[in-house]
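Structure record follows, encoded as structure tokens.
The letters A, B, C and D name the chains in turn, as written, and every chain counts its residues from 1.
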Amino acid sequence: MSDNNQQNTPAPGAAPEPAAASASASAPASASAPASSPAPQPAAAPAPKPDTEAPRSNKILNEILGGSFLISILAVLLALIAGAILIAATNEDVQTASGYFFSRPGDTLGAIWQAVSGAYSALFQGSVYNFRRDSFADGIKPLTETLTFATPLIAAGLGVGLAFRVGLFNIGGRGQMLIAAACAGWVGFSFQLPAPLHITLAVLAGIAGGAIWGGLVGFLKARTGAHEVILTIMLNYVAFYLISYMLRTPGLLQAPGSPNPKSPPMAETAVFPALFGSKYNLHLGFILVIVATALVWYLLNRSSLGFRFRAVGENPNAAKVAGIDVKNTYVYAMLFSGGLVGLAGVSQVLGTVTGGFSGGIDAGIGFDAITVALLGRSKPIGIFFAGILFGAFKAGGFSMQAAEGVPVDIVVVVQSLIVLFIAAPPLVRAIFFLPKPGGRARRVLPNVSKEVAAK
Amino acid sequence: MEETLTITFRKAAASSLAGVGLVALLAGCGSAPSSDNTSGGAAASDFLPCIVSDAGGFDDKSFNQSSYEGLVEAADTLGVEPKDVQSDKEDDYAPNITNLVDQGCGLIVTVGFALADATKAAAEENTDVDFVMLDDNSIDLENVKPVVYDTAQAAFLAGYTAAAYSKTGVVGTFGGSQFPTVTIFMDGFADGVAYFNEQKSKDVKVVGWDVKGQTGSFTGGFEANDTAKQLANALIDQNADVLLPVGGPIFLSAIEAVKDSGKDIAMIGVDADLYETAAADNGLFLTSILKQMKSGVTDIVEAAGKGDFDATPYVGTLENDGVGIAPFHDYESKVPADLQGELDTIKAGIIDGSITVESPSSPSTK
Amino acid sequence: MSVTTPNTPHETVDPVDDGLEKAVVKKWKAPIAFAIFVIISALLFFVARRDGVTELRLSAENDAIKLPSIEAPVMATGIVVVILLALMTAGAFWLANQAKRIPLWLTAVFGIVFMYGFLTWAGADKSIPITGLLLGSVALSAPLIFGALGGVISERVGVVNVAIEGQLLAGAFLSAFVASITRNPFAGLLAAIVAGVLVSFVLAAFAIKYLVDQVIVGVVLNVLVAGLTSFLYSTVLSSNTEAFNTPPRLPRIPIPLLSDIPILGRVLFDQTIIIYLMYIAIALVFYGLFFTKWGLRLRAVGEHPQAADTVGIRVNSTRFWNVSIAGAIAGLGGAYFTLGSVGGFTKEMTAGAGFIALAAVIFGRWDPIRATLAALLFGFATNLQNTLGAIGSGVPSEFLLMLPYLVTIFAVAGLVGQVRGPAASGKPYIKS
Amino acid sequence: MKLELRGITKRFGSLVANDHIDLVVEPGEIHCLLGENGAGKSTLMNVLYGLYQAEEGDILLDDSVQHFEGPGDAMRAGIGMVHQHFMLIPVFTVAENVMLGHEETKAGGRLNLDAARARVREISARFGFDVDPDALVGDLPVGIQQRVEIIKALSRDASVLVFDEPTAVLTPQETDELMTIMRQLKSEGTSIVFITHKLREVREVADRITVVRLGKIVGEASPTASNSELAALMVGRNVELTVHKEPARPGAASLVVEHLDVIDANGIKVVNDVSFEVHEGEILAIAGVQGNGQTELTEAILGIQPRTNGSISLNGTRLNGQSVKKVLNAGVGFVPEDRTHDGLVGEFTIAENLMLDRSDQQPFVKGGTLQLKALNDFAEEKKREFDIRAESITTHAGRLSGGNQQKVVLARELSRELKLFVASQPTRGIDVGSIEFVHKRMVETRDAGVPVIVVSTELDEVVALADRIAVMYRGSIVGIVPGDTPRDVLGLMMAGETGVAA
């Protein structure tokens, strides 16, 4: 990636005199400019810069302590601690034991330990490796479940992240997924075609459906200047009621012979094949999102269209002056964004819930995708791994509920706390008494509150 | 400025922490239990009954809740500790069931038609686990017992009752979402009113549901929110003096609307006898359409716990008392004297087939 | 240097008189929208024609002063309405051609006439309870209005408040919990305020102190509050519903005399205290924002924080405290869900009301009165949907349920378009 | 009041903006702080005004040490400031702006606007201003806005008044009036700190001159020092004060603008019936005070003003009504007046910024794919050619100094095949070295036969560069005059007097 060379300290050595000028002249007015070098991927260690002022060892230490990788780890840790507090506080055994805390504190501590370790080990066993199974093939199943859940999260996360990069906020994941699922599902159950063709057609239909529903937002925004946040939210409801109606109306999406608001099951030929045999649920969709991740990476970093996307996202005014059609760019961006979110809907109907879908097929992924995109800092690789992390939380959440009776909502709490903490490195540093990094505050999340003037 | 801000946060954080601490301190002053009691109760059975809800959750004041209560009751009798998991979303069902299988459940109750596919898949994969599939009878497997209820029959009786009781000549109904498990009540109810009109040559009108067109009033969800309340108000404004809200807790909203209206409006409950459960406001309930899920689940689970699981489909009808209507309770004196007699006749007619109650949403009998 | 120009006092130019020429700009958006509505009503009355008489009931049985119902013959009304609408549309085109603004009253009258016609058509041979329709609109709008007022304050001071949904939900949760424990609805109200403020604290801390993008903090906060309240609902509230989740409702307090006014009396003045608080909040926010020191400083900070800073206004603490006030108001709106309307908290019970409120803020152009009207429009659309369902319109329920959202899209995309918010809204203020 | 700064040091990260600065301003003195853009003058004054906190050093008023947490403290201590970028809220009235921060209220917390109006009128009367307290500030001409700033400071009884680059937005006549006001204030005993980089003004009004360079005080000078002495002190070397250029050899009329109107979003004609021609090989300077339609005129040429009447044509091809892309492809090079806002993407690297307006063209893009190699080679070459001082071509443009940012914009625009070059405020806010470089490149462009339009509010720049000068006032062109027209005539034209143009 061309834009991940992070600089914690203002370019030393190079042009000291003009640098002083820019700092004093523009500091109050445009503080965002120097303060917002995009941060690297959480996993990628920042390349140390030559530095003449501070000893090299300090510099490296600084990079590690101030680095975003450490911050990310600590943010996850903090969120898990907060989750642990909630789990412990609401656990019945803990409550009972704390009733006599002063006569036998050990009981309370023991109960807390039981509750928290039980929950988190269930979380781990449900998402990575299940030690209670005999064979590796069985034990590793949770990991494949994690990847299965990650699949739509990554796809939708890419869509939301792409929109972020263009300065747009796509909260319309729900609607786009529903329309995409309906399109892909309709192709999936209505036709009899050879498998590769059928799958291809269904996938394309779904992506097109999502793209159109997203593109509609881009179009309305470009034409009327309406705010995309409002449009996407409203269109979520419109899509939901539209699909609900179609699902209970015979001849549209409803399964024949059933009164339930549910579609027929997908034809065998349209179902994503399992990647590792029927024992595991992981399906072709995961390969598709890997491809999608690569494509989005190419699009954003290597293509001319992506260049314009980023230019509009970072500075729509400069883009306009440079001859880039900002409004068209919004339309394209929302088409792409909707299409990617649509892929998530496709993966749901053709991969995860193949027995026919109902109005809840989006499963909240459209909203989860926002947090995935934020955690992945709107960069394709970051989103990919953020999606896997959230997939793991989702997979593990089920086993946590089944084994320990901890409501899955705790996962939502932990996830949102992770994003909040990662967004505010100074807070994490303050909590862990870490030193301040040498550089100025960096912007770690995309800035979506930009608007281009209506001209 | 920065300083003020920091101080503010710290203060806020500190005071809320202090609050929590205080509560903990007060709570922590109890005395320890005298001895370590290892889980009391009856024989430690290996049998582990479990239940998965649909997206409504176990506190939906409807079928999830009744099934859950049924399971708990059975488990108490059997002396075992059941496991329960709630689903929030559509793709939760399969993993929830799988995880329960992993936890070693011997019997898993799955609630709601939405879980049918997941149940079927899990049942095919885990032939050693028994399943009870509520509100869906599409699965035909050795280890799955489908349980459905023909609630239209009971709703028919309720509709007749409502029509007989109504003074304004208008009765109303509305639902959560337009699902068959909801509209089956509304269909039976409207048909019951129509039957009354036919018998008595009256013209009692149903507002909120049109059987023929299958269109009507829905809140768009199953929350006891203000939309539900205003919808109830809209029906009251159409002069309805009997209300049948169908769908989980939305009856709570209807109760508020009835109380706010200041009019004399009777309500009809669904699923359970709400006279018994809606404690404070039970005086409002003319009757309830009973869907005996709780006792149904209890019976099946208890039988399974004793090793008596059979996969024969169960259809709750008036005949087997799987569905029915609740007593009039406080309204005993306000309904026409001969109503109970007429209802008994109709019930017998439905059972012997001389009166047919059909809803597009009725469970298909195989 | 030696510039020796005559030191003539520079003439001050009055920007209005001597100012730049005003170009003749004709705006056709409004008349075209008018025309669309004329076509819609013509289609309704003459193509999808209905006969009979519609009863528009103006009072309920227990009203003190009863008005007779209006018996409107559908066809005759239709003809009159279409003609009236067409005349007004012609007037609008004339005004637009003269490059004049369409006055607000004309739009209002147009809307009322259209609505009258529509209701007459929809309610053919049925009766439409006008009071009930309005009463429900106010009720359904109430949380939106609180949310929108919170949004207006927050955005006027320069912090984009996407977290309204979270504030409402937190307010609903805590008010239900506290009111249940204390058995006192007023304690619940207080708790709702506290809940809203707490959410605001987090928003303010992340947006102002840690400079995180405000839209993002808002979204994540919504998710966090939804998760947290759902978790606590599952673990705490539903473990003992009787003790923790049966809040007593606020009583309705009819205001003597005022509540007897026909039609509007019962709608406006026979309400719970929370609705009266809403009136007070609307008035206070409006007065405060535009006529007091508080409002002047607040708006200054939202428009040009640096300018405010240079006259000694502490920008970040002004933002912090006003975002907190916004949270308090929105939190109060949350209490309406549990104390004012139905009672009892359920998971994610606000169901997107916060986002609708946000839309009302933008639709209402960051003005408390306009935002209130926008919220009322949404509430009206929702309740109209209820009434149409109840009288049996024959339209599938899903399409009726879409109505308020479609109305919002139409309003935002068709009527409002690009609007200018407070200049510094969404931008963190960094000094050095 | 006597003001004294002792050893003030202010750092931004590792940059030292002020390095142990000592300064004394006696009561009733006009003390000039002279320095280049970015020398640290504004930072110093922001420290004095409490906007920034200094790392080291003390501020003393009448010999007692002050501690300013914010501007509120500074104002209470009697310091007032007239900011370079006006600190006025455009949607507020004059009275509201003046009262902001020290509002008087009536019963019910209602703002006492009458008191504020009275205060505005009273101060206006004292200095002969004509300011309507109820006018919206956003509607006022900049000259009046500055008076509002002065009223704002005086309404708080400031006894030390800082003027930060106050003349940048004024016509020469208005500048003279400001000098008069400053003298009047001085005679009332107000201490004045006057910050500027314009030598002429310094010598006219200052009692003492302190020169700042790179954050340090490099010396004091007397008002009698010559321009070149002052300039050398300010820049640190001898400076060429004039631009060397040969007489123009104009060719055919290339850009023809006829009866052009530009209508803004509020329906105001911000450019009104403007006609002019620019010939190949000449520089037409558009002079005028900020905000008289110059910005909109250049934007209309580029195609980002959606509503225009009349015509703009380049070599016979009509430009208005075309998309920005088409205009750029027709060979128009454009330097926007606000480079960070409109000229550059701060988050992009230098290389990426260099291809910003050719994001779909060879050699940077083939088959929809970026050609990074070609881009890097190009960027390296331009970095050398335009002397862009940065660590590498992957440095983010937002991290560069103003001068280097402007060089990136110039490098991009001048690397295309140009048929017209439009530069708006090309040297605003950049250092002297960069100014010299920019001017040189513009003259070279002209000499290559390209028609050049330069929009500038700095008369010095206009006079130095222009072959012909068009003066704009309130949306119209007051007149087009030869490049050697005397300054005082230009000044009158900038104030809207048409008669002098003949």
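As a convention for this text, a contact is a pair of C-beta atoms (placed from the backbone, for glycine too) under 8 Å apart; a residue touches a chain by one contact, two chains touch by 3 or more.
Chain-to-protein mapping (UniProt): A, C = Nucleoside ABC transporter membrane protein; B = Nucleoside-binding protein; D = Nucleoside ABC transporter ATP-binding protein.
Owing to the predicted nature of the structure, the values given are computational and were not obtained by experimental measurement.
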Partner chains shared by subunit A and subunit B (Nucleoside-binding protein) (touch criterion as defined above)
C
In this assembly, which chains make contact with subunit C and also with subunit D?
A
Of all the other chains, whose mean CA position lies farthest from subunit D?
B
CA centroids of subunit A and subunit C: separation to the nearest Å works out as 31
What is the distance in Å between the mean C-alpha positions of subunit B (Nucleoside-binding protein) and subunit D?
72
Find the geometric centre of each of subunit B (Nucleoside-binding protein) and subunit C from their Cα atoms only, then give the gap between the two centres in Å, rounded to an integer.
35
Averaged-CA centre spacing for the pair subunit D and subunit A, given as whole angstrom:
44
Residue numbers in subunit A touching two or more further chains are 27-29, 32, 241, 244, 407, 409, 454
Where in subunit C do residues touch two or more of the other chains?
209, 234, 306, 314, 396, 398, 401, 431-432
Please list all residues of subunit B (Nucleoside-binding protein) that touch 2 or more other chains.
1, 86, 178, 220
Taking all chains into account, which pairs touch?
A-B, A-C, A-D, B-C, C-D
In their complex, what parts of subunit C are in touch with subunit B (Nucleoside-binding protein)?
57, 60-62, 126-127, 129, 131-133, 135-136, 139-140, 143, 198, 201, 205, 208-209, 234, 238, 241, 249, 252, 314-317, 320, 336-337, 341-344, 346-347, 349, 351, 382-383, 386-387, 389-398, 401
Contact footprint of subunit C on subunit B (Nucleoside-binding protein) as seen in their complex:
1-2, 4-6, 8-9, 12, 16, 57-59, 86, 172, 174, 178, 207-208, 210, 213, 215-218, 220-221, 223-231, 233-239, 249, 252-253, 256, 260, 262-263
Please output the residues of subunit D touching subunit A within their complex, sorted ascending.
12-17, 37-40, 42-43, 46, 51, 85, 214-215, 265, 302, 304-306, 323-325, 327-329, 334, 336, 340-349, 352, 355-357, 359-360, 364-365, 368-370, 372, 389-391, 394-396, 398-404, 429, 431
Subunit D touches which residues of subunit A in the complex?
2-3, 5, 7, 9-15, 17-30, 32-34, 36-38, 53, 301-305, 307-308, 310-311, 314-315, 317-325, 438-440, 454-455
Subunit C-touching residues of subunit A, taken from the complex the two chains share:
27-29, 31-32, 35, 86, 90, 169, 171, 220, 223-227, 229-231, 233-235, 237-238, 241-242, 244-245, 249, 367, 370-371, 374, 407, 409-413, 415-417, 419-420, 423-424, 426-427, 441, 443, 445-449, 454
